[in-house]
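In this document, chain identifiers A, B, C and D correspond to the written order of the chains, with residue numbering beginning at 1 in each.
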Amino acid sequence: MIIVMRKDATEESIQKVCKVVEDAGLGVHISRGTDVIIVGVIGDRRKLADKPIELMEGVEKIVPIMEPYKLASRTFHPEPTIVKIGDTEIGGEEFVIMAGPCAVENKEQLFETAEIVKKCGAKVLRGGAFKPRTSPYSFQGLGEEGLKILAEARERTGLAVVTEVVSPEDVSKVAQYADILQIGARNMQNFELLKAAGRSGKPVLLKRGMASTIEEWLNAAEYVMNEGNFQVILCERGIRTFEQKTRNTLDLSAVAVIKHLSHLPVIVDPSHSTGNWRWVAPMSRAALAAGADGLIIEVHPDPERALSDGPQSLKPEKFAELCEDLRKIAPIVGRRL
Amino acid sequence: MIIVMRKDATEESIQKVCKVVEDAGLGVHISRGTDVIIVGVIGDRRKLADKPIELMEGVEKIVPIMEPYKLASRTFHPEPTIVKIGDTEIGGEEFVIMAGPCAVENKEQLFETAEIVKKCGAKVLRGGAFKPRTSPYSFQGLGEEGLKILAEARERTGLAVVTEVVSPEDVSKVAQYADILQIGARNMQNFELLKAAGRSGKPVLLKRGMASTIEEWLNAAEYVMNEGNFQVILCERGIRTFEQKTRNTLDLSAVAVIKHLSHLPVIVDPSHSTGNWRWVAPMSRAALAAGADGLIIEVHPDPERALSDGPQSLKPEKFAELCEDLRKIAPIVGRRL
Amino acid sequence: MIIVMRKDATEESIQKVCKVVEDAGLGVHISRGTDVIIVGVIGDRRKLADKPIELMEGVEKIVPIMEPYKLASRTFHPEPTIVKIGDTEIGGEEFVIMAGPCAVENKEQLFETAEIVKKCGAKVLRGGAFKPRTSPYSFQGLGEEGLKILAEARERTGLAVVTEVVSPEDVSKVAQYADILQIGARNMQNFELLKAAGRSGKPVLLKRGMASTIEEWLNAAEYVMNEGNFQVILCERGIRTFEQKTRNTLDLSAVAVIKHLSHLPVIVDPSHSTGNWRWVAPMSRAALAAGADGLIIEVHPDPERALSDGPQSLKPEKFAELCEDLRKIAPIVGRRL
Amino acid sequence: MIIVMRKDATEESIQKVCKVVEDAGLGVHISRGTDVIIVGVIGDRRKLADKPIELMEGVEKIVPIMEPYKLASRTFHPEPTIVKIGDTEIGGEEFVIMAGPCAVENKEQLFETAEIVKKCGAKVLRGGAFKPRTSPYSFQGLGEEGLKILAEARERTGLAVVTEVVSPEDVSKVAQYADILQIGARNMQNFELLKAAGRSGKPVLLKRGMASTIEEWLNAAEYVMNEGNFQVILCERGIRTFEQKTRNTLDLSAVAVIKHLSHLPVIVDPSHSTGNWRWVAPMSRAALAAGADGLIIEVHPDPERALSDGPQSLKPEKFAELCEDLRKIAPIVGRRL
């Protein structure tokens, strides 16, 4: 951390700043430039988290140098984290496909979808039982009944199950049925939920918030990991921008950035980000080519009759074609499917 | 709602679309243009919420005409809503100032601040007991202890109390101590929390999410109101943009837009939006001039020693000066302070 | 175009609106809903471009249905446009690589780079002679001297040349030396420049503005095409968002959207969008996988000594590796390199 | 400027970096932290503008400390700049109103508007003769004919004239007729135009680009000032965000930030930013309250018949009311109108 002092800062004000830093158990290093004076802070800046140094006399601004997260950082953990769900490894050589309907609607729909996606090579079944919806007048999910159907689908197919949890008090219930707890984009900074998911011990799929920077996203992962749970899978699902032709703007370069900054696996959701089935296949291929560890895709046997987000769901035959393409691209980028 | 069909849509596909609409109990009206065919839907489009018409053959796109929210809409409730907290009316002629520290730190700090802001004309005391923080390593608030200190400050000063609630399971506890429940920006689409706050019967201060459109914000209010609780105060607190000199970009035009679209009162938070005490006074004056119903401002007796967000807190003397300015501007825009 | 009238609009105001539409030579179609009255406009809405119907009594809002551009639209020109530069076809089966340094610095640097990129399979040499720079204190390019070096490199290698033009008065000069005129992101809505480039008759590479919607981008292409020049290549180069880890956010879904809305070829610039050589290879592979028609990449024989944008330039060996990967992926997505 | 080196950087790589810095005539100061090594650069970082130090071995990243602009910076020019147009001073105590139609349509319309705005207290008449429009099919302005009408209106009323120039080759022509040259948002980084406007010697009204940071905006001003022309007026006119209810998001906090960072005057355009006459009056009052030096407002005697941007133009009576409000607010914030 660098404290930039104004050129006209008095010697006294510089000494006061140094004292605050040293009192927190950190070292200081003063450097006098032509236009500014710089106080370099040596040590862990978190010790100064609650000292508003910006307000001290003579201080121009604070410039952070190191990232604020530690557990999620590749600097402190160079080897990639591999999240294991049964025999499936997320973050390793395998490119893992999670697929299924947006919402669990009934047994027939889910079982049919599960068979389809399994046949195409998916390893994880997705399906929402608790659905956060923008309007209170939209379908809100089947709740625990949906969880039971998911668990039954797992029994029948051997697929692992990922499903969203929207409230800290539901975490233990969802953890009973699911293999991976999904934290949705709207809840990325619902810190109580992050902590509860961390304590559950279950792998957590953490979607990026629509307006979240990569740094905030890794800080959110830090909340889960700080509870002792290192099984975190990040999921890029589009950020909010001015462009209106797609629902959100899928930030694929975030995948490459995350791979550089963190050891955690990162997958991509091409369905929610684009909001339109037409762009799902090209964005899925692009995600693999960009270095993602997997995908989470909406597939519905009959999108026209879906109760939620039909327009972004792939039909079974389109999904099968896409998986074929992915299977061919994978080895070129050092993956297998 | 308008369904735009492609120029080459078959008569059969048009009829199918019409049937889906009519089966939902709505009327249709077909209009044939030179480049498109348009199926106008007559009636409440919420009846079609779970029909993915976009996917039907021949359909080019769906264009919504009416807003999806009803209870929050001025169209259906032309008179402004006034939220009453004791003798204070929010949304009426009075311009209401809520002020206090970012976080409750201890009795001394809170009581001192409460006296200061009361003397300057504030009617509501703010102060966080549960603090949602980007990093798990930052100060997280005093919890219930903080709530008790807030309630004690109310006893001493007669100020009403607004404080944040971050989890559905905490709603009843916070409601015991607070006069207004604050839902923070990060939780604007934490729908379980919105519903719980709605059921509490307490007035709710609903901050705009950093990446939330005005329409989503009003939909979030709709969640609270749909529980039968119409005492909702909206709070503009800045949106996330590419500009980095301020923490967020305060969207003051949202105040004017909300006044047009909704009957709910709307206040402004100049502290969190700008992130810097320097911009708080000009943005507060601007908010009043733009038609806001009040402000929520961070004031700290000693910002250099604040445990949270010191850099954006006003010192008592700056706050007093600001209130003087506001008192003079208010009557020019039809308000009193 | 749809004109939405308020529920309480008088019959007289509806008739006035209809008259304005009909006087412009367009048809009207009235549809009365439960909450609104809708006046559908039949015919080309451009005839109403200068009538502010929004202001007429009783009008709630205007909802456009068709895109405002025609020449760039796939609706009116379903077959893909192929831009031919010598034997190279952009927009057809070939995946075209344009590569070279950010700025032309001297003969040695450019000739060396040209040989390298040619050997790897590039068909077009890029290099800036006129450099638009954020600060007046940065290197501004060699000007016409740079153009001459580019032309000489073409003589030596047979590569076509693309270079930026920044002012309408320079168009004829640049057109003398270049095979493709590049319009940079900052000039996407420099309409005088677009028209001058259109009149030049040369193929135009039109970069997307940092804050431009896809619709505005196609409208900018329309300016070029409206001068009778249909040889337009679109180039996605990242949009401005709140994310700060990459210089801009590469919007790869825009490639898929453009392919749906327009017949024009679209290529991707992974260098300027990310601003960091580390992300160039993954984003290049992703662009191909997403359906782009080509790439424009910065390559420099010695990035540490580059006078402009060195940090985003690939070294020759990294570029060669990337081209190998692209060559393998291309046939899977129906392309050849 | 700070060069952050990786913890594992070799002594040799640190020395190499220092050498590059010293060879550029700058000083270095090394500081060794627990996780990083920091090389502080002492002196003007512009001397390193074309050295991609980010690429050198062992370098983690570069952190700029000082702003890149100098002439526009308050640090180097603490006193506010006052731009004088005849008797009118922009940037001083006076709050200056510029008003008029979006486009000059004909003599009658302009003369009528000029009389109205003068009567209400405006000092400058605005009106576009060259109109940059998103679509080539929209009204493009009267060109030089429009300039002549503007000059005639000045003769009749004594108002100064501000009008947009869109191409470097038009600068001398526009400068013949206008008192202030306007550079529009789309051209904020049209550097050839900025330089030509700088050389004209006329005061320049520089609108902020829709996706421009405050820093880029001040750098654009630096282009004009670097030609020896210090008469620059900045104009905030909204930035592009995800919000769609207003055309752009007016960033009023930018006014306060500019006042802190720069000595240049800054005015606000409430018409283009909001795109709707309804929000013009509240945003105008807010701009004054926030500390702006003036406004540029669209007024049209008959907005329903305007050829350009009618929906955002105020009718004369609304404009008169607004000026009354402004006149009352001004003294409270230390201004006069």
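Definition applied: a contact is a pair of C-beta atoms (placed from the backbone, for glycine too) under 8 Å apart; a residue touches a chain by one contact, two chains touch by 3 or more.
For reference, the UniProt names are A, B, C, D = 3-deoxy-D-arabinoheptulosonate-7-phosphate synthase.
Not measured: the values here are computed from a predicted model.
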| item | value |
| --- | --- |
| Contact-richer chain pair (by C-beta pairs counted) among B-C and A-B | A-B |
| Chain centre separation in whole Å, for chain C relative to chain A (CA means) | 31 |
| Cα-centroid distance, chain A relative to chain B, in whole angstrom | 26 |
| Centroid distance [mean C-alpha coordinates] between chain C and chain B, Å | 38 |
| Residue list for chain B, restricted to those that touch at least two other chains | 211, 239-242, 244 |
| Category of the chain touch graph - line, ring, star, complete, other | complete |
| Chain D-touching residues of chain A, taken from the complex the two chains share | 2, 4, 7, 27, 29, 31-36, 38, 40-44, 63, 65-66, 75, 240-242, 244 |
| Complex contacts: residues of chain A adjacent to chain C | 211, 213-215, 239, 241-246, 249-257, 260-261, 273-274, 278-279, 282-283, 285-291, 325, 328-329, 332-333 |
| Residues of chain C defined as touching chain D within the complex | 46, 49-50, 52, 54-56, 68-69, 132-139, 166-169, 186-187, 189-192, 209-211, 216, 219, 222-223, 226, 239-240, 277, 303-311 |
